[in-house]
Amino acid sequence: MNTKRIVFSGSGGQGVITAAIILAEAAVIYEGLNAVQTQSYGPEARGGATKADVVISEEPIHYPKVIHPHILVCLTQKAYNNFSGIIHPGGLLLTDSHYVKQERKVDARRVELGMYRAVMDKIGKPIAFNICMLGAMTRLTGLVRAESIMEVLETKIPVDFLEINKRALEIGLQLAETHQ
Amino acid sequence: MNTKRIVFSGSGGQGVITAAIILAEAAVIYEGLNAVQTQSYGPEARGGATKADVVISEEPIHYPKVIHPHILVCLTQKAYNNFSGIIHPGGLLLTDSHYVKQERKVDARRVELGMYRAVMDKIGKPIAFNICMLGAMTRLTGLVRAESIMEVLETKIPVDFLEINKRALEIGLQLAETHQ
Amino acid sequence: MAVKDYLRQRFFPQIWCPGCGHGIVMANMIRAIERLRLKKDEIVVVSGIGCSSRMPGYLDFHTLHTLHGRALAFATGAKMSHPKLTVIVPMGDGDALAIGGNHFIHAARRNMDLTAIIMNNSIYGMTGGQSSPMTPFGKKATTATSGTIDHAFDFVGLARGAGASFVARTTTYHAKEMIKIIAKAIKHKGFAVVEVMSQCPTYYGRKNKLGSAVDMMKRFKEGTALIGSKKKAKHPDLIERGIFVDEERPEYSTSYLELIERLGNSTTY
Amino acid sequence: MAVKDYLRQRFFPQIWCPGCGHGIVMANMIRAIERLRLKKDEIVVVSGIGCSSRMPGYLDFHTLHTLHGRALAFATGAKMSHPKLTVIVPMGDGDALAIGGNHFIHAARRNMDLTAIIMNNSIYGMTGGQSSPMTPFGKKATTATSGTIDHAFDFVGLARGAGASFVARTTTYHAKEMIKIIAKAIKHKGFAVVEVMSQCPTYYGRKNKLGSAVDMMKRFKEGTALIGSKKKAKHPDLIERGIFVDEERPEYSTSYLELIERLGNSTTY
Amino acid sequence: MRKKRKLAINREWCKGCGICVAFCPKEVLVLDEQGKACWAHPEKCKNCGLCELRCPDVAIELV
Amino acid sequence: MRKKRKLAINREWCKGCGICVAFCPKEVLVLDEQGKACWAHPEKCKNCGLCELRCPDVAIELV
Amino acid sequence: MRADVRFMQGNEAIVEGALYAGLHFYAGYPITPSTEITEILSERLPGTGGKFIQMEDEIASMCAIIGASLTGFKVMTATSGPGFSLMQEAIGYAVMTEVPSVVVNVQRGGPGTGLPTSVAQGDVMQARWGTHGDHSIIGLTASSVQDAFLMTVEAFNLAETFRTPVILLFDELVGHMREKVVIPQPGEIEVVERLRTSVPQGTNYHPYLVREDGRLPISDFGGVHRYNVTGLVHDMWGFPSSDPKVAYDLIHHLVDKLEHRADTIAHYKEYFTEDAEVLLISYGSSARSALHMVEDRRKRGVKVGLLELQSLWPFPGETVRKKCEGRSHVLVVEMNMGQIYQEVKKAVSKPEKVFLANRFDGVFISPADILRLLNVIQGKGV
Amino acid sequence: MRADVRFMQGNEAIVEGALYAGLHFYAGYPITPSTEITEILSERLPGTGGKFIQMEDEIASMCAIIGASLTGFKVMTATSGPGFSLMQEAIGYAVMTEVPSVVVNVQRGGPGTGLPTSVAQGDVMQARWGTHGDHSIIGLTASSVQDAFLMTVEAFNLAETFRTPVILLFDELVGHMREKVVIPQPGEIEVVERLRTSVPQGTNYHPYLVREDGRLPISDFGGVHRYNVTGLVHDMWGFPSSDPKVAYDLIHHLVDKLEHRADTIAHYKEYFTEDAEVLLISYGSSARSALHMVEDRRKRGVKVGLLELQSLWPFPGETVRKKCEGRSHVLVVEMNMGQIYQEVKKAVSKPEKVFLANRFDGVFISPADILRLLNVIQGKGV
């Protein structure tokens, strides 16, 4: 596998950092890859814009930040506006159709999925929306196996919430499946 | 006038630092000389040993400390024991006969005066004992004029105590006079 | 003037989380100032560091955002050097009583004419929900995940014990009362402290399963009672609201001006 | 054992001025320890910086002479890490309540089992007689030559307000009472503070024309009265002596050991 | 009689915390689709101003 | 009857503050020529120990 | 045995390293970006029988760990810029009293409150000189989460070996970055235990008598030797002294015990240095960008190498001098205005060949930033 | 008019200098050996209509003077080692917010509580680097009571000119030594007044907009311009910003406004330097012993000279380099383990020619101590 650079962007409460961590952890612990995850915060801000970077590679990873992501996920319009320009040519741009209207042209595969809607429909509240997104993303890219994500969820998520998270993951996988 | 180095030594409450300051101030303000006064304290100690240095000169004074005093005043036995060895050959060693028994031989003019006794006799309490000593010392050495000391006293000493200090100065001057 | 007219509107919407009580305190502090007809140019607002301490940046006064815990020391310098200024110090509970505890008790002791408004949300909001000296025994925080074994300060007891000449408590629910109390505190000649119980739904609320900002404010309503009220008499466990101390004592910067006069001098300030 | 047997005699005569009250406190603190039959090896004495804080150097215990104002923070670390130790903290009024005020109120709040003995001579002795937060209004000091305009702390009020579970006051004149009170304070499970009014004839006495050490001690005799005594009732202005607060509350290091157990673990200490 | 004032809601500043909604004595307010406060039943509003006094975001004002 | 104890004064440690002298209920003590405490009237001493308890310099002891 | 592979944050690895090294007592006060250390330890320590306490401020935290260390335990505190400034007086006290202690400073943007959530390496010189008076100190750093673990263990080892506070000078990026860590098995890497005195009860114990190997065995408070600890100049019994000889010996000892060993206790890593014409010197997170750039250039045949410093204080001047010998250029890569750059210039024989590639605007320095400088010094323009 | 000749202590002269410069507000906390400054000002200030306040500690003192300075007054605090360490966070805040302020540190023996009543110059590097984050600072010193007066006036002048805290780094000897001082008449030496903005009410005032000459006019709190002051990275209006460009410009400005002027704002004195083969470099009280020795050697025909630095920070490296050019040896004389010695070595072209004559045992360095070193480096043995 070549080095893959991923950026998750969105706003404070959406769990983009958690998603990034889970992805990277899955790569490291269950796929034997190297992965580095970083993030940037606003200026001590609460609930501001968030951006989480993940680099996954078979090689050691030195520079840990992502400048031109192969995979860019934007979960708010603001994130989309800020970051859609930095995508690596030929990369994948994934957005949620509830939050983001893709407007600009980018040299990348553009995927809009109704993840938020699907979660609201099937789970009833926007909980685990980030996991749904992760499901969709992994299915679209094949970066890591869905089982690896599952394994991480099992160690990370409090039992009470595990079922919901699993379902969200499934929803994401299916959405991407349908799309493909 | 050649540079003169003076050390006053004694214990905490005896006013040796004050005496040193008055002498140096007299030299600077009323005799147009240069003078530098420094002191060393014990380790944050209360009422420990005190040593005050004065250098008087017509020239600018750089090194402000006294290593080999031309004039050494010791007001306690401990001070005498500590410092009598450092006197400049041919210098003057002045002690108070109530506090100090001069034992060692030193290459210096040795003067023992009953200053404490005289103050107790004539003033009744050991107040201004240091000024008495200053009187004796100036008379013995001619370092500064007694009037200059008087002038300093007038600016420094609270009016209530001025008279007593003047008398102490006189007592010192006379003691030295008699001695000479 | 409207509240808005006291704000640096270009920084709005402000940084605080949805439902954070600090915004309610800010708006009602402005209303108190409006009520007292103070001029903007006379007012200096000094804060430390914390969510609460971001307040000055939003206010169209002379504003000073200082170091964590040190606001009262900066304020003391400003007031002492220029006693004509009205100096208001919005603080967090951590800012005022953890790292800033010493400045707090000494400001109280000195009785300099400063108004400290302590937004007590029982947590360190800014750094993400650690326990504060106002976190009640047993409550949870990111540094006390099994419930804190620390005892909280009795705010009123501490302020009174340290010698504050004006001590009051209110909550974000009791907005009208808050305006009245803050206005009185500002008018008070001497060190005045007002504790405003304020909700941090994001950390304190979430960690302790207290529900939304609304739920937390309801708790302020139900869990408190006016000093000497029947409600308090019936439910002695309720937290008291109102003015606990309101005494006249020599004010520090005035005493100093008197000292200057006594010495036969005068000062331009 | 005699008092002498608890001393590092090679450093005697000690550094304090003739008549300084701190020596009286030291000797009677030893008598209290003797009375409680504590072993020397169990006792840690922690001080800050000041004349009073020179005490540990003279004592044949584990002794720690720290930084100005910080003794209680060091002591907190020592006690928390090794709760079996008896930790005693002799302090000056400046050390405890000026620079050290924050550690003082937090130690009181936490209620860790430490005994703080505050030698209140109303002045900074070590640095030569500057006013302290315990210098009464109007009294003189080298930084208040026309009399201080600062208000002094009400020691008992502050300690109580901060949450101390044992608060007492005595004086160097009342030596027997001092022994009893210090012994009780050490035995108390929790944060205990004892204010001992102590004379600094060299600075506080001299600056305020209070006469000799003897005169100052006479004033302690005449100017104080036991809590609830007839003398106090007759002369309400007298300063009260005795135990003001003596309450049982969860002790911090014990609560922590309980927490460790609750989590199913144990500690060697 | 004092003229009845209108409620101005600054949608940019409103963060949808729901405080004004919950504590309005007349149940005048609701959160709309986008989670912003909305003066849904102006006729019931008694102009008490409590919503304004409790809004943390200076987003609601009687004008 | 308990044996009467003697008063040992450590002249090296005594700083002559006079506290023991002033507060001895029986006026047993004086400061001598060199300003050190002195058990001048042992016969009057009632062994109360107050001098010991109040000496700041651990210079006086009933033995 | 299967390796214990984990995925964690730098701040978490610091906690793991501290626990591996035997941390028993931690006192702290939260501050971005080191807060996680305090938070995680509040949960972990009671679970290991250790003690956690949240103090009223950073001053109290530093003082508390010194008090705790004297009772015989391994101790740590963690903070960031403003809190580190507040600790300076007490850090000097720990230096003076030779109390083993570990102080973590996860750096953020300064001065003042600065940029609390941004990466920076601006406290390097402060770590060396922040407290008053002549002294020396150990300062370590790391560029990866794995090394954050290892350097934390090493910090405890050096603190115990030399009876000194050790500063762990991480930066926001390393503190918050998550990556793979292999936690060594117990015993797998060395853990230096406190050297306790063998002097028996009743025999004179000298807490400040330096052994021939430079070490000073300790007796714990609560043990059988009762001695004195003071921040004043003190003699070998721990009692205050103002004897110039005592002062001279003490200050010399405090400085020499570290400075004279600077190069032997230094930790560093080398990449492609053997034949490098241009040597990059970096440390902390910026070394990652430097290495990225170096590997990238090597692929293009450019002879550049990297010396990654993990020990910053005492500065391994001799090591740096040797490694720089014969290079055409030396390029120091850091995120401040040239703090280690100045040290390198002092150390080498040709200071005019030393250049600086840096950022101090809160943005993590990138390989491109460094490359730009490399091109400039190689005369290739910008 | 008759010259106003006085005889006073260094600490007293600092007070006189401050009052001459227009000190209005002082906050302090006593500590040996700077206590007299606090004591004397408590009496003098109310007599001039100024304000004195004894704060609860040094942190509060530093914060209070910053608060007071913002209301438009000249301010000062004074302390010694331990207190100076405590002030570091707030000093960094004053740097960041560009608040004119003067901080006196009358040095004593360190580290820790050290030797409170002894002479030392061990806080020199701390004055430069004591606070966290990249920054620069002005540090002045003096070797006589007269110069203590003059440098204090200069400290206020530089604080006002550059909107910065200025550190007055005296030592115990200068602080406590008494000698002759001639107090200048009002107007006799320059006093820089605060540069206030000329922007009228109602027009946009930018508290942090740097003028072409590098200065930033101030508007006082209580005046007609209401602005914000924060220790966070801030824009020209004083509001927090995390824009990298803003951060870059701000940090650069803070450092460059001083470092780029290091040599032009430097104060120093020269004695017998013209033909000196050996150049001594010293500062503070140790310069007195150096000068004593130089005069003594000159009488014997030995070509030695003295460069006395009065500005230590920003270090006048260019000046030092030039003055050292062509000397056979340079001998730095100081009372620490070589803090300025290291700076001199960095500055000169032949660092191997630079030697150190020092003491750090609490004893004032004597001409004989220096002579011993001089003999050694001249190959005359000891």
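So that you can tell them apart, the chains are marked A, B, C, D, E, F, G and H in the order they are listed, and the count of residues begins at 1 in each.
As a convention for this text, a contact is a pair of C-beta atoms (placed from the backbone, for glycine too) under 8 Å apart; a residue touches a chain by one contact, two chains touch by 3 or more.
Bear in mind that the values here come from a model prediction, so they are computed numbers and not experimental data.
Enquirer: Moving step by step between touching chains, how few steps can get you from chain F to chain H?
Expert: The least step count works out to 2.
Enquirer: Does D-H or C-H have more contacting C-beta pairs?
Expert: C-H
Enquirer: Distance from the CA centroid of chain A to that of chain F, rounded to the nearest Å?
Expert: Each chain reduced to its C-alpha mean, chain A and chain F end up 85 Å apart.
Enquirer: Could you state the distance in Å from the CA-based centre of chain F to that of chain G?
Expert: Whole-Å distance between the two chain centres: 58.
Enquirer: Using CA atom averages as chain centres, what separation in Å is found between chain B and chain D?
Expert: 42
Enquirer: Can you tell me which residues of chain G touch two or more of the remaining chains?
Expert: Residues 32, 46, 56-57, 59, 82, 89, 93, 112-113, 115-117, 230-232, 240, 242 of chain G each touch two or more of the other chains.
Enquirer: By residue number and range, which residues of chain B touch two or more other chains?
Expert: Expected reply: 42-44.
Enquirer: Can you check the complex and tell me which residues of chain D touch chain C?
Expert: 98-102, 105-106, 109-111, 133, 146, 149-154, 157-163, 249-250, 252, 255-256, 258-259, 262-263
Enquirer: Chain G touches which residues of chain D in the complex?
Expert: Touch list, chain D to chain G: 11, 40-42, 44, 46, 56-57, 60-67, 70, 73-82, 84-85, 102-103, 106, 256, 259-260, 263, 265-268.
Enquirer: Show me the residue ranges of chain H that touch chain D in the complex, using the header's touch definition.
Expert: Touch residues, chain H against chain D: 29-32, 35, 38-39, 42-43, 46, 52, 54, 56-58, 82, 112-113.
Enquirer: Help me check something: in the complex, which residues belonging to chain B touch chain H?
Expert: Listed in rising order, the residues are 21, 24-25, 28-29, 34-44, 61-65, 67.
Enquirer: Which residues of chain H touch chain B once you look at their complex with the stated criterion?
Expert: Touching chain B from chain H are residues 5-7, 32, 115-117, 173, 176-180, 285, 288-289, 291-292, 295, 364, 366-367.
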